Amino acid sequence: MANTKKIGDLLLRSTHLEVDNIVVKLRALRVASLESRQRHNRPPKLPSRRILMGVAEGLSAALFPNRLGSSDLADEGVDHYVGHTLNITLRELMVQIQHELHYNSGSAVLSNEDRERSVAITQAFARRLPDIYTLLESDIVAAYEGDPAARNVDEVLVCYPGIMAITHYRLAHELHCLGVPLIARMVSEIAHSITGIEIHPGAQIAGSFFIDHGTGVVIGETAIIGQNVRVYQAVTLGAKRFPVDESGALVKGNLRHPIVEDDVVIYAGATILGRITIGRGSTIGGNVWLTRSVPPGSNITQAQMRHEMFEGGAGI
Amino acid sequence: MANTKKIGDLLLRSTHLEVDNIVVKLRALRVASLESRQRHNRPPKLPSRRILMGVAEGLSAALFPNRLGSSDLADEGVDHYVGHTLNITLRELMVQIQHELHYNSGSAVLSNEDRERSVAITQAFARRLPDIYTLLESDIVAAYEGDPAARNVDEVLVCYPGIMAITHYRLAHELHCLGVPLIARMVSEIAHSITGIEIHPGAQIAGSFFIDHGTGVVIGETAIIGQNVRVYQAVTLGAKRFPVDESGALVKGNLRHPIVEDDVVIYAGATILGRITIGRGSTIGGNVWLTRSVPPGSNITQAQMRHEMFEGGAGI
Amino acid sequence: MANTKKIGDLLLRSTHLEVDNIVVKLRALRVASLESRQRHNRPPKLPSRRILMGVAEGLSAALFPNRLGSSDLADEGVDHYVGHTLNITLRELMVQIQHELHYNSGSAVLSNEDRERSVAITQAFARRLPDIYTLLESDIVAAYEGDPAARNVDEVLVCYPGIMAITHYRLAHELHCLGVPLIARMVSEIAHSITGIEIHPGAQIAGSFFIDHGTGVVIGETAIIGQNVRVYQAVTLGAKRFPVDESGALVKGNLRHPIVEDDVVIYAGATILGRITIGRGSTIGGNVWLTRSVPPGSNITQAQMRHEMFEGGAGI
Amino acid sequence: MANTKKIGDLLLRSTHLEVDNIVVKLRALRVASLESRQRHNRPPKLPSRRILMGVAEGLSAALFPNRLGSSDLADEGVDHYVGHTLNITLRELMVQIQHELHYNSGSAVLSNEDRERSVAITQAFARRLPDIYTLLESDIVAAYEGDPAARNVDEVLVCYPGIMAITHYRLAHELHCLGVPLIARMVSEIAHSITGIEIHPGAQIAGSFFIDHGTGVVIGETAIIGQNVRVYQAVTLGAKRFPVDESGALVKGNLRHPIVEDDVVIYAGATILGRITIGRGSTIGGNVWLTRSVPPGSNITQAQMRHEMFEGGAGI
Amino acid sequence: MANTKKIGDLLLRSTHLEVDNIVVKLRALRVASLESRQRHNRPPKLPSRRILMGVAEGLSAALFPNRLGSSDLADEGVDHYVGHTLNITLRELMVQIQHELHYNSGSAVLSNEDRERSVAITQAFARRLPDIYTLLESDIVAAYEGDPAARNVDEVLVCYPGIMAITHYRLAHELHCLGVPLIARMVSEIAHSITGIEIHPGAQIAGSFFIDHGTGVVIGETAIIGQNVRVYQAVTLGAKRFPVDESGALVKGNLRHPIVEDDVVIYAGATILGRITIGRGSTIGGNVWLTRSVPPGSNITQAQMRHEMFEGGAGI
Amino acid sequence: MANTKKIGDLLLRSTHLEVDNIVVKLRALRVASLESRQRHNRPPKLPSRRILMGVAEGLSAALFPNRLGSSDLADEGVDHYVGHTLNITLRELMVQIQHELHYNSGSAVLSNEDRERSVAITQAFARRLPDIYTLLESDIVAAYEGDPAARNVDEVLVCYPGIMAITHYRLAHELHCLGVPLIARMVSEIAHSITGIEIHPGAQIAGSFFIDHGTGVVIGETAIIGQNVRVYQAVTLGAKRFPVDESGALVKGNLRHPIVEDDVVIYAGATILGRITIGRGSTIGGNVWLTRSVPPGSNITQAQMRHEMFEGGAGI
């Protein structure tokens, strides 16, 4: 009996977690943080990752209703499904665009100008969807043709993480160009977390692009990729490691990622850094570390690179 | 007042997104795409990734009800839980199998033969579950014994991404062998997106297999892995990069991935390509790039490989 | 008519999946497994990954309510939101802590001592939240300052997978230190599966830590990382590959991972193994393979390392 | 300590609920019940109330998308919303219709004839929706005109339980006429449970029908109600209490409920029993108990009825 | 084989439901309906019943957090729970209020005035919550004291449908008085559908009001009820049945329901109609039909009323 | 521009709802209320209506798995479904029982005795389920035989609100007898809110009981009902209206509701009050008001009763 009583007292006393104190301390820290950023009284309301996940899923389903949408859809209902999904999804996107514009403005309320802009961006984005579809079809065909294991194009669409990453990229790229780079980045990061493939929405990638396996691929903000390029897992198209300026500070926004011309193949683990050009039709071997341009038709292997590195030293 | 009116008109006008137009354009593109693939009037109905995620989760919970199933399950209820979960999950799987068979047949409706086959495949798969359990137990023990940080086998099961990847692989492999390779691939890709580990369902992997850390691992379709093999993150067991035939076209379906014999350890970042054999008990060092067979008991390091590469050039 | 009848019989017969048999077999295997581990009649009840996902999300939202919490939160409601979220989340965590303590005890019921301990751990963890906030703020600023593409600190918080990984790590590290390493590991693995970044909760990481891109990063249990360190994708801070003792068995729990001092930058794909020290202010180049200590201010490149390796051979 | 142990043992022992035993007993009872009904091996699969609730809600939303459908629907999206909702809802209904037809057939599998019939019924039902809309519009206007408290017709639609009951009735009545009386009854009962108004789907009710307040209203299977009838709460249009035949058994299926002609008003609590006719334009007072026909233009009050009853005795 | 083919064709043909046609027809009917009501191009957007259900539940939980809120709430967390719930719920309510004001205005967009008004109404409503709490406490005590079966006041709150109906009424009454009668009515109807008790939000009801059992109770818009009144199931406080004016049209908005003074008890099934007064402390027996005022302390039974009715005829 | 600014300021100012103030006031009222009831520091934790709804649904599904459970259940899976549902549902019920026992005890923590009792009650309840099944089967058959509109017993189970009310009653009655009257009442009220039928769990009702239509039925706590009784809508088996004792206070807990013997039929709207006996085989007509016992075989009509009432005055 006494024992039972003791347990009770203990529990009553011990389960007090002093949440009130923690709330007060966290508030103080938040306020200090806002003040240090001159955002006092303007706490940020950012676009929501959770809602953008739904938007990306909705847009994918509208583009490929039979394969990525509701699997028990009768043919008769496809257009209604696509239309309804777009109506819902585009309006959710518009609200997120308003959040980004509002956040950027730093003003207390959304201005009429920004509200108008959110509508214009959404309309422009919507009009781009058929072109995005066409590009994605070319990517899917490229995957089918480029992978000995692929049995048909439909399988490619539902199975290949590269296709999901490119789909998110192509949607995000339009948003990036239309002036909402934060949302674009968030859409792109959603695919990154699912596929392990990171493509910055600012990159420019032509049609028939294929990423196989894909985990660990990184494609930087100013990269340019031509038609019919194939890339394997863990390939980096990155910035060179010391992008220094005269004052020693990091240079921002310059053209710092590679240009990959048409019909190039880049094998797994290759690292290509800096504003160099990989000439049309070249092949870059696995694990190659490349920081200089190569002419069209090159066939670069690790062995060559190592030899070169050992011989001549490296600018890297 | 006039201002308010203006906002209103603006909003009314501007929120029209012309979804109807986009729906029409997307339909035209879909129809053209179907026609170019000779699938006119037979839009594909594919297995659903979302449902297969539930199937994979249900099967995992049925195999390990105490550890991966409902955590507030009383002992008395475990068998009912397992039985009920299997009843629901296997029937959902059977429907997905029907989708794959139907898709492959290209006919308008599911034939009786394919319906019978879907039942037979599901039954055969169900009967394999106890053997899968036994294999997975050996994998869990291997992980426990192979990782200095592992404190007990239960922790391994709930924490290690490698175990999740192998569980999905072992389920997917059975489905692959039973004739539903698309579903098998989708199940395998679910684990890929969660763990960053990609194992093709066609690979053959014996018991006591351990993948540590795992992000970036790729194991190809025709790879064969013996008993008690250990593999670290970013290891590739891939095809050699130029699988050419006499006409210059990609060769499909040939045996193009490595054979790894019993008791081999492959350290992080090693890339092993082509139909070569890693002899029993060998150790392959980190970042090694290997395209030739090695005899049993080999101990291959990067330094050796580079020396060799530098000396003799490379067949790669 | 006869045909219809036949289909019916077929379906009735064929849809019997013999689940009962499988349930019995799985039970026998489970019992055997428990017995082999001396856990007969004590099937493990482990913390739930699904619930810990909610806990990690709730704690993140409580720390950054405007940016990661509910996006339609009015300012007036922030403290109530934070307080309510903590009340719910911390109590869910406390239950999971009880599961881990109970599991470890091996006894049939949770002892009073373990119940008391679960409360004390939760209280101690809660009191650490403001300090965790301060550390995370320093990490966010570091990301903003370290990435040319980052436009503001808020974007960093919602977009960068590295920040998510560090947030989970910092929460998990406290739990690890407070005596619930399994929960700590599970929280850390949640971030691993989302970001491809694996940080063992036992690692010690000072403030202003930045991981860019991040996929494939592995940081081991006994690693120590100083202030203001920057790390890129696919970097490994691992154990050397042959941690042997005199009897040939794996050594457990020794200090086997690198020490990285303040202000170090480690580029993509670098692999740093063993209890070595990277001196303050050093730069480790991309893809470098490093198994020996380097003094402060070192600038290590692949070319150097290969030269060294070729010249002197390698202990690795 | 000993105490703690005791609690543990107790809990382990006591939480065994012998569910296995109960499952076995319930199975025996179910089997016996099926056998007594000659349904051995044919356990009933009935339409699902939960799914029919969704169907009824979906159909209501398709009929009145602005008022009962999604409240944040842009005008542009209404047709897609209606179309998509109908596509989904009608197919769900079709499956439920197959369950009812299959149940009635008593055969092991759904025959081709019944599958064809399910499609035909669904098509016929769908074609009736515009007429149902027109009837419901007349009901809504009648409610608006008949209730001094109603401010506009839109309010009537979203607030008045009578409108919900009539909507379900009008949908259910079509289903009843098309040969699926069980589903019709279930749809009708859904409204009964929400509104307290029970209208048998077999009743025939013309347009401009208004039920005010409504709780306790019962309208029987063979009742016939003309245009522009108004009914208040707790009104019964029932069968007379002794529907006997010569052998003393309950007579089934005969015409046993009242005929109410156009423009009749029936006040709260009135009970009208048997195959009698309430002539056009009559008013039946509150709580009146009526078992004989009354001519057009009658004004029946409780006082009259009681006088009559007291004077002449009662056939009732 | 041929048979299978036939089934397929049949299904393809027959499952076409011509939804497009129905959508077109329903649109034509909707447009015609809007035009007949002069609402062309202004389809109504009304408050949402589903959201108001959440609002009513949230407000109930905020008022009685221990008993109606989350049952696993620690004491420490109650205020945060109440605060958070109010923050969320009141803002949802504010949006619904904007819908009602916008609907009433008939203008294309919500005016600034109406937006301001929505805020003011929400604020005023929020300030009334403590008084509503006090009234509800008096109602709960009255129920406890008035029902021989009630064991304690907490049971009354969670079990008695009358308490739920009164809670909704008291919330709805404030909203009615603050100028949003449609939302008020919808909140009241939510309770009506759950309890079978209909109380018009316009009614004025003092404290310590108790409704026992309750199904079928109807209390009209202009009814006034004093302190400490008790009412049983199926009681109507209604309008007299012929509220005529000189022109023969229905009179709208006049004072047409009873005044019930303090300390009155009205037994089950009693019907009290018209602007009459039931004097303080009276008792009205079961099933009594009353259309004239009665002085304080009256004890009215059915027998009396019938005698009177029979003797004197009836004005009813 | 100025206008936009004004809107912003307005919104910022006006959307402050002063929730903090309201939280403080509500707390003060709650504390005062607890103190007035001597429950200071012991705020009540009551069973949850929402969870009990799930429990009631789960138990119904376990009793009638084919008809009320999952409609896509294969025969093979029924026992696992029933077993799993019982395992989950009974344990949820056990927790709710602990809440009720804890609440009653008034002590700070649940005592071991009450925990033991909760287990014992749950076990005893579980063992009663087969008998409850048998009683419910008799009720279903009675409904089928008693309603000319019923086509088969399965329809009765899924359609008739009376069956749902009786199912809840029979479950609640066992719980009432086992010592958890609050939970019993809550289970019973769940059915009341869905069906409009109120049966106090304390009532004693033998088999083959049928309630037709049902809205408005009230059956009191001490009512006793024999075999094969039929009851229609709006029937009250209540307490007489003046249950006074010598001191003028309400008498609690006495036997105050009717005894209805076997084979009685009570038509709609009949009101039977007080501890009277309706003799075996009697018929009570619609709307009859009865407060005295009647012998077996009576046939009571309204006309008789009114005559009697008028002649002799009334004890009521």
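A, B, C, D, E and F label the chains in the order they appear, each numbered from 1.
Everything that follows uses one rule, which is that a contact is a pair of C-beta atoms (placed from the backbone, for glycine too) under 8 Å apart; a residue touches a chain by one contact, two chains touch by 3 or more.
Just so you know, these numbers come straight off a predicted model, no measurement behind them.
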**Asked** Going only between touching chains, how few steps reach chain C from chain B?
**Response** 1
**Request:** Would you mind checking which chain's C-alpha centre is most distant from the centre of chain A?
**Result:** F
**Message:** Which of these, A-C, C-E or A-E, gives back the B-C interface, meaning over half of its contact pairs coincide by residue number?
**Reply:** A-C
**Request:** Could you put a whole-Å number on the gap between the CA centroids of chain D and chain F?
**Result:** 23
**Message:** Just the number, please: Cα centre separation of chain A and chain D in whole Å.
**Reply:** 53
**Fill in**
Note: chain F residues in touch with at least two other chains are 7, 11, 15, 17, 19-20, 23, 74, 76-77, 79-80, 83, 86-87, 91, 112, 196, 215-216, 234, 306, 310
**Asked** Which of the residues in chain A come into contact with chain D in the complex?
**Response** 3, 72-74, 76-77, 79-81, 83-84, 86-88, 91
**Touch list for chain D against partner chain B, complex** = 15-17, 19-20, 23, 74, 76-77, 80
**Item:** Touching residues on chain F, where the partner in the complex is chain E
**Value:** 7, 10-11, 14-15, 17-20, 22-23, 25-27, 29-30, 33, 37, 43-49, 51, 99, 103, 181-182, 185-186, 189, 192-193, 196, 198, 200, 215-216, 218, 221, 234, 236, 238-239, 241, 243, 250-253, 256, 271, 273, 289, 306, 309-310, 313-314, 316
**Prompt:** Mind pulling up the chain F residues that touch chain D in the complex?
**Reply:** 62-63, 65-67, 71, 75, 78-79, 82-83, 86-87, 90-91, 94, 112, 115-116, 119-120, 122-123, 126-127, 129-130, 133-134, 137, 146, 148-149, 151, 153-155, 158-161, 194-196, 213, 215-216, 233-234, 267-269, 285-287, 301-303, 306-307, 310
